[in-house]
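To start, I am sharing the structure in question, which I have written as structure tokens.
Chain nomenclature is as follows: A, B, C and D, assigned in order of appearance, with residue numbering initiated at 1 for each chain independently.
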Amino acid sequence: MINVAVFGAGRIGKIHAGNLVLQPGANLKYVSDVNVQAAQELATQHGAQVTDIDSALADPSIGAVLIASSTDTHAELILRAAAAGKAIFCEKPVDLTLERAKACASAVAAAGVTCMIGFQRRFDPTFDALKTRLAAGEIGDPEMLIVTSRDPGAPPVSYIKSSGGIFKDMLIHDFDIFRWILDDEAVSISATGSCLTDPAIADAGDIDCAAVTIRSRRGRLCQINTSRRAAYGYDQRFEVLGSKGMLQAGNHKPTEVVVSSGLSVSGDKPEHFFLERYRAAYAREIAHFFDAVVNKVAVRTTIQDGVKALELAEAATLSWRENRTIELAK
Amino acid sequence: MINVAVFGAGRIGKIHAGNLVLQPGANLKYVSDVNVQAAQELATQHGAQVTDIDSALADPSIGAVLIASSTDTHAELILRAAAAGKAIFCEKPVDLTLERAKACASAVAAAGVTCMIGFQRRFDPTFDALKTRLAAGEIGDPEMLIVTSRDPGAPPVSYIKSSGGIFKDMLIHDFDIFRWILDDEAVSISATGSCLTDPAIADAGDIDCAAVTIRSRRGRLCQINTSRRAAYGYDQRFEVLGSKGMLQAGNHKPTEVVVSSGLSVSGDKPEHFFLERYRAAYAREIAHFFDAVVNKVAVRTTIQDGVKALELAEAATLSWRENRTIELAK
Amino acid sequence: MINVAVFGAGRIGKIHAGNLVLQPGANLKYVSDVNVQAAQELATQHGAQVTDIDSALADPSIGAVLIASSTDTHAELILRAAAAGKAIFCEKPVDLTLERAKACASAVAAAGVTCMIGFQRRFDPTFDALKTRLAAGEIGDPEMLIVTSRDPGAPPVSYIKSSGGIFKDMLIHDFDIFRWILDDEAVSISATGSCLTDPAIADAGDIDCAAVTIRSRRGRLCQINTSRRAAYGYDQRFEVLGSKGMLQAGNHKPTEVVVSSGLSVSGDKPEHFFLERYRAAYAREIAHFFDAVVNKVAVRTTIQDGVKALELAEAATLSWRENRTIELAK
Amino acid sequence: MINVAVFGAGRIGKIHAGNLVLQPGANLKYVSDVNVQAAQELATQHGAQVTDIDSALADPSIGAVLIASSTDTHAELILRAAAAGKAIFCEKPVDLTLERAKACASAVAAAGVTCMIGFQRRFDPTFDALKTRLAAGEIGDPEMLIVTSRDPGAPPVSYIKSSGGIFKDMLIHDFDIFRWILDDEAVSISATGSCLTDPAIADAGDIDCAAVTIRSRRGRLCQINTSRRAAYGYDQRFEVLGSKGMLQAGNHKPTEVVVSSGLSVSGDKPEHFFLERYRAAYAREIAHFFDAVVNKVAVRTTIQDGVKALELAEAATLSWRENRTIELAK
């Protein structure tokens, strides 16, 4: 039995807690949140106790922590949990600054603890199956990767202001997809963007659509397009052109109903947003983390992956701001 | 150069004439129609002459005739053209009575002329490709055939009254599909139907939707469903379940545009009706006929096929009227 | 808190137990099975106790029972549970004989207990959404229903021998679909079938593919086709033609990966079999049952539905054996 | 009756000639080609005469010319035909140098003749329908355009050497799509590329895959990805994200056959290459040209469009070579 503490009882914290308690051998012991009522509700639901972070980390019976609190707390909690020798699952991003993220990675390495970053898309059944088939050589060598990553609607401008901008907030997932799918690193990145949906986003110093091109070390090309507003829902697709064919990951739909009317033949829109689209991914992600902790095996999405994705996000931000291609250190 | 006469300058006569003149070595010499103006227009379009049927058949330079006149004239024209030694292409059905159709088949056999019946669906690129792949063993032995065959809307009741009923008018094509796809003959047929869209159709002694089940000699099962009204257009699909898989023939669409809106993800309705859906089939059918005439090879859709399909239509009509399964002579 | 006993710790019993314990307010108290080891394992997994049926039914704290034991035990367990005043969830079929099924229905009615039969397909997200949209009038009045229902492979012949035959074993679900989707009753049924995949099935007195046609009171037509062997997996589709359009329920796939190769553009096969295809349906079904018990509301799939589906299965069997259309009492 | 001369009797010349003769009122009078045998065959097929370009242009009865000769002859033939007062249809590109293309445009303007450039994709039924629906406001204002444009295989390196490079040879069509679909002009363009399929292409100074990003005056973003080798055939898709939804243009397939096997559910690959994919587009393009000549209305793809697309191709080439974003003069 491994005792676990969850830091953060918001939307994503609830999901992780719910998935954790399904793992045989896992015991959700503590829930902590600055919102005490939220913490209490989540604790009650799973028979856990509310406590503060200090106490949770000081409890030697705690083997692992799930960090699902606000982004600005991630780095500090990783550092403290690593110092306390706990296995760590932390939501992306590690931090909004590359420097602090690297410091966390160093601390984790020094402490020798398991640390997994929540790039849940790698655990999506469709994306994961695509990766497996690509790795098995089904389409030969990959040459191009085209990623479409669009949200159904923009978050409040207040959120955008502290989000680190579209590249760190939204595209960090896509940068991880690039590295994971191509099993390659970027040598250059070029980004441009616009604010077309809401002037308040521009006033907040951000953009709402972006187009990114990455060259990899092996000369492969990756294009990412994103928007904060897709009227038809959460659009999460990518395709890989290889020397022998193409693999595409399509959107998931709530049902397989199709209607033929006097106007058209219509199916469902994509799953509305990340909680629906990545439900299975979240479950598989926590199962993987817990399995890694129990069996002391490597996690698939390391803190180093978190650092690398952040590097790309910073470079993309710079490219957009200075309107030039950014070369990345090898 | 082979001179050809077209009997019938209506909708389908125009299509056949237009396809005929594209064949190298074909000369459309005559057009005949009781509607002289229609005949003249079609003749003018292709540099042909208007004449009557007697003259056309009496002209020894005429090598082939295309019979595209009304159904009640088919049998007589086949008999006369066979007697005159002309190669014959005749629209389906051969006749509305089995007896006369068989008489035509005998006359054609006795005369030794080429005679092809217009089961154009066998020349549809999708259906034809499916048949080729089935014959190549791609799904093993066929076991079940499910046919969906629906019109976008009912013809005028005046037409229905003289159409021979839904089984001879609409399903005759599907009965031919059954024989062609399974390469088998029926041993029993069971049909039921309803009139759900317009009471005037019932008053005319007909139905507007029907469900047919056929057993083949080899024990294979075929289900056909039809309706005179599919609000979304012309629905022409079938699927074959085989021992190793399934082959499906889907509808054709005008374009490959897909729209994702706040409501759904929608593509085009099927091609609206037979003139659009089977445009390529009509072209390939006439090319096949002309090639068979020129190269003196067998046609793919013989008058015997026309007789066999009519037998099934008569049996289905009887089954529906008497509410019992009809056994077919072997 | 409602205490529940599960009778049957096999494949489907485990699924129902697993879904039950997710319901807030549900306590899995007992597991019973003739296979004591299976009972013990399931009980241990959920912190329940192994007991015998007598004891479980005699415990006044038990509010509901889940009957997931072998088909031949269903009727007796329903009768006993009804007599004990327990709410009942029972897997389909109620029984293999219509007489006993009706006796169970009477007993349930007399006892006034909740009794739900496991027609889980009504809870499938796709089927359920289709029904909802149909009921909302999206395609006008339904006119035809075409059901495709194929298994990936036949069960052992030993199972087939005691299964009641293909109509009671497989098509009972489809007969329920007919009644549910069209909200109508059958007036006649006609069935035919063949044994094409394995002579041993014929030797066991059964068939492996069947074609059924049902007429409803309102003149609607329903065609069902089935096979015990679809090489590509579990094929579970149906479509409704209505006066204003068509609604189709398609297969579910494990992933949305598509590969384009030098040969074709390919997606996943359907989910392999019922445990995968109807995973969500099983969960929603038990949630519905438990909600009905807690809130004392009507269940969506009553024992009367079980009786009606069995009537159709018996009539279809008779139709197939005697090769004639069977009229059903109104 | 308008007499027409075709310059070039190769693959595309034959297609244009074949489409021209289907236009009522069109007479194919002359065919010219440096390959006399090819010219003779095409002339014979359509009852035309072989002649040289001088004679054709000197014949006052010639109203229009179709220029389908090699790229290096386009500019001169346009200039001469314009000087001779003929209506001109010319295959893309106008020329490989922007300067000469502009000179042609000036000459055409000065002569006041009709001049249409063969951007046949605008006449593709799918692309054209998408544009019409976009223009009708179906998805609101367009914000992003993603274009996928891949050939099934590379041409001979000898061809590549004189092709002007991938941007002028392949992407010129996509640059036209950008301008047409967004009804907007570029303000900046950024291109990168690699040679991954054949080192001989790199030796010839070219690349075989490219990623281009264009910003429009109104801040819209366009990404184009291309490859000279898609193992699954000719991949011609694009999608437009708008404020109210998305419109996608998918590939066309030869048939609508789908096979379900023990491995997958598979449909046809896309049409193999441009002659198949754009068959309907070529026909509609020539019909449009002839109609414009007869009715003296504006053509949809002007020589100015040819110049603009070439400007983008030159800028993209420069961007790729110098690894920087190119700003375009307004």
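By definition in this document, contacts are C-beta pairs under 8 Å (C-beta built on N, C-alpha and C of every residue); 3 or more make two chains touch, one makes a residue touch a chain.
Just so it is clear, the structure is predicted and the values come from calculations on it, not from any experiment.
Considering every other chain in turn, the ones in contact with both subunit A and subunit B prove to be C, D.
Here the chain-to-chain distance from subunit B to subunit D, counted in touching steps, is 1. Ranking A-D and A-C by contacting C-beta pairs places A-D first.
Of all chains, the one whose mean C-alpha position sits at the greatest distance from that of subunit A is B. With centres taken as mean Cα positions, subunit D sits 57 Å from subunit C.
With each centre defined as the average position of its C-alpha atoms, the distance from subunit A to subunit C rounds to 40 Å. Contacts with at least two other chains are made by residues 139, 230-232, 235, 244-246, 259-262 of subunit D. Touching subunit A in their complex are the following residues of subunit D: 139-141, 143-144, 146, 148, 150, 188, 190, 192-197, 209-211, 213, 215, 219-223, 225, 227, 229-232, 235, 241-246, 323-325. Contact residues on subunit B toward subunit D in their complex (touch as defined above): 125-126, 129-130, 133, 138-139, 244-252, 254-262. Interface of subunit A with subunit B (complex): residues 230-233, 235, 259-270.
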